[in-house]
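This report refers to the structure that appears directly beneath it.
Naming follows writing order (A, B, C and D), and every chain is counted from residue 1.
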Amino acid sequence: MMPPARWFEYPVVVHPHQTDYAGIVWHGTYVAWMEEARIECLKSVGYGFAELIESGCDLQVVELTLRYHLPLRLGAAAVVKTFMAPVHGVRYDWHYQICDLATPRLCVTGTATLVPVERDRGKIMRRVPSIVQTCLERIVDEFYAAAQ
Amino acid sequence: MMPPARWFEYPVVVHPHQTDYAGIVWHGTYVAWMEEARIECLKSVGYGFAELIESGCDLQVVELTLRYHLPLRLGAAAVVKTFMAPVHGVRYDWHYQICDLATPRLCVTGTATLVPVERDRGKIMRRVPSIVQTCLERIVDEFYAAAQ
Amino acid sequence: MMPPARWFEYPVVVHPHQTDYAGIVWHGTYVAWMEEARIECLKSVGYGFAELIESGCDLQVVELTLRYHLPLRLGAAAVVKTFMAPVHGVRYDWHYQICDLATPRLCVTGTATLVPVERDRGKIMRRVPSIVQTCLERIVDEFYAAAQ
Amino acid sequence: MMPPARWFEYPVVVHPHQTDYAGIVWHGTYVAWMEEARIECLKSVGYGFAELIESGCDLQVVELTLRYHLPLRLGAAAVVKTFMAPVHGVRYDWHYQICDLATPRLCVTGTATLVPVERDRGKIMRRVPSIVQTCLERIVDEFYAAAQ
């Protein structure tokens, strides 16, 4: 994977509903944060997720990996860093690093792979609507332009 | 409110993702359990929720109240007891009691009021599709028949 | 209830994990947003929730009411407005209004009542630690000072 | 990985709060189901999760992978199948298959790796308390005994 020139940064704060009996963030909470960061990243280049899927093309997660290095505690401020790798075929690979802002140490790393799916029939799309295509190109430009 | 002849009972067990930093069930978790109990109750009289809403009529929550009397801890087995009161107009009132099976003590009481909504336009329906009508009548029969 | 001089405002955006099959925010999601707004409000007057509960006093929800007026859709930007009413005894009443920023219309109203609980024994505290006492006084001052 | 003689089976039903705008199970929901299946599996060999962690040893997820093959829709009945692989060192690998009972087709595959952690200090334990040790041995026996 080619490293990007920069990462998109999405700040989060640990609230009680995201913790579990151990006093730390429940491990599934990070999946929601990864989704939020991805969608705010699309918005940062001008595309609302709701507008994108109105084109008839949904972007669905087909693969997810997470590695937990350090826990985040109640009240912690953290940042979810992400970028989308250059597209090959119809798989969009997003990479993640979640860091505790206080320490600052890497708490979680992860990836999410999405594919474009026809909303009506649930089939993977080989050719996506132009709004989705343009959005994905801008995302990759955003992260790699400065590196070229 | 007329008391029913019996309550529908839906068993639950407290898993880690439902607890918070205090080692007890996070207070919002009960809303999900109340929904699950309601839907399993509909199923118990022969109606799948997905089939009901295919009629074009969604059943949406418009009011929710919860009172927390005692906490439930990690691993606790509890029962969500519910019934639907006789219908007046287009408001369906569901009543809840959530009890810890070990003690057995009342932990949470609550109500959820639902209304029938046109799925396409989001408007409250004055007349509901016959499948919904029949389902609601059976639910009330179920809880009050023996009492009559 | 005496109206406050102002409300604390906590912005939220509707992400996919907060929606349900109907394409709108799942009704339990608002409970999490109400908690987040409450905790960010405490932070705005100088008190981190994690620091507060380190005093041995937890603030637990004992009552919750929500009324749903209008749905929020995927991608919507909304604001959770809240204030805490002047304290009588050991019940802290928080009031809520959740508004769609685009329309701008009132979508949800609610209340949450909290009580101070000894973390070790789970008993309601008649006298709270001074950090909690000072925090609650500041919160009330914050909302009512300008009105006096 | 050595295949087990059998899998533990944990039934689930798709409720509204587990779906998203696309009418299918939100991808993070499976993480909760995997946790529930794991804990019910421990219970099936005689160990309550709450009792295990009272020994001072928490079992924390350090790695998670999921592959999404087919979506599950509102109302679907599914089964979460799981087993724990023979232990090497201090990593406990759980394998998952989630199947739609109606079709019956494989919807999601996944793995979760857990490690024993000292509850007080958050450090990985090289030697676990005897209750945890015995539990883990019974789990492996359970899945592999018949295969030997």
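Here is the rule we go by: a contact is a pair of C-beta atoms (placed from the backbone, for glycine too) under 8 Å apart; a residue touches a chain by one contact, two chains touch by 3 or more.
What you see is a predicted model, and the numbers here were worked out from it, not measured in a lab.
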Maximum centroid distance from chain B, chain identifier (CA atoms): A
Task: Please work out which of A-D and A-B is bridged by more C-beta pairs in contact, and write that pair.
output: A-D
For chain A paired with chain B, centre-to-centre distance based on mean C-alpha positions, whole Å: 35
- prompt: Using the average of all C-alpha atoms in each chain as its centre, how far is it in Å between chain A and chain C?
  reply: 28
Task: Please report how many Å separate the Cα centroid of chain A from that of chain D, as a whole number.
output: 25
Message: Two or more other chains touching the same residue: where does that happen in chain C?
response: 16-17, 21-22, 28, 31-32, 35, 53, 74
Message: Can you tell me which positions in chain D touch chain C when the two form their complex?
response: 16-17, 19-23, 26, 28, 74
Touch list for chain A against partner chain D, complex: 21-22, 27-28, 31-32, 35, 53, 58, 60-68, 71, 119, 122
Task: Over in the complex, which chain D residues touch chain B? Could you list them?
output: 13, 15-17, 31-32, 35-36, 39-40, 48-51, 53, 73-75
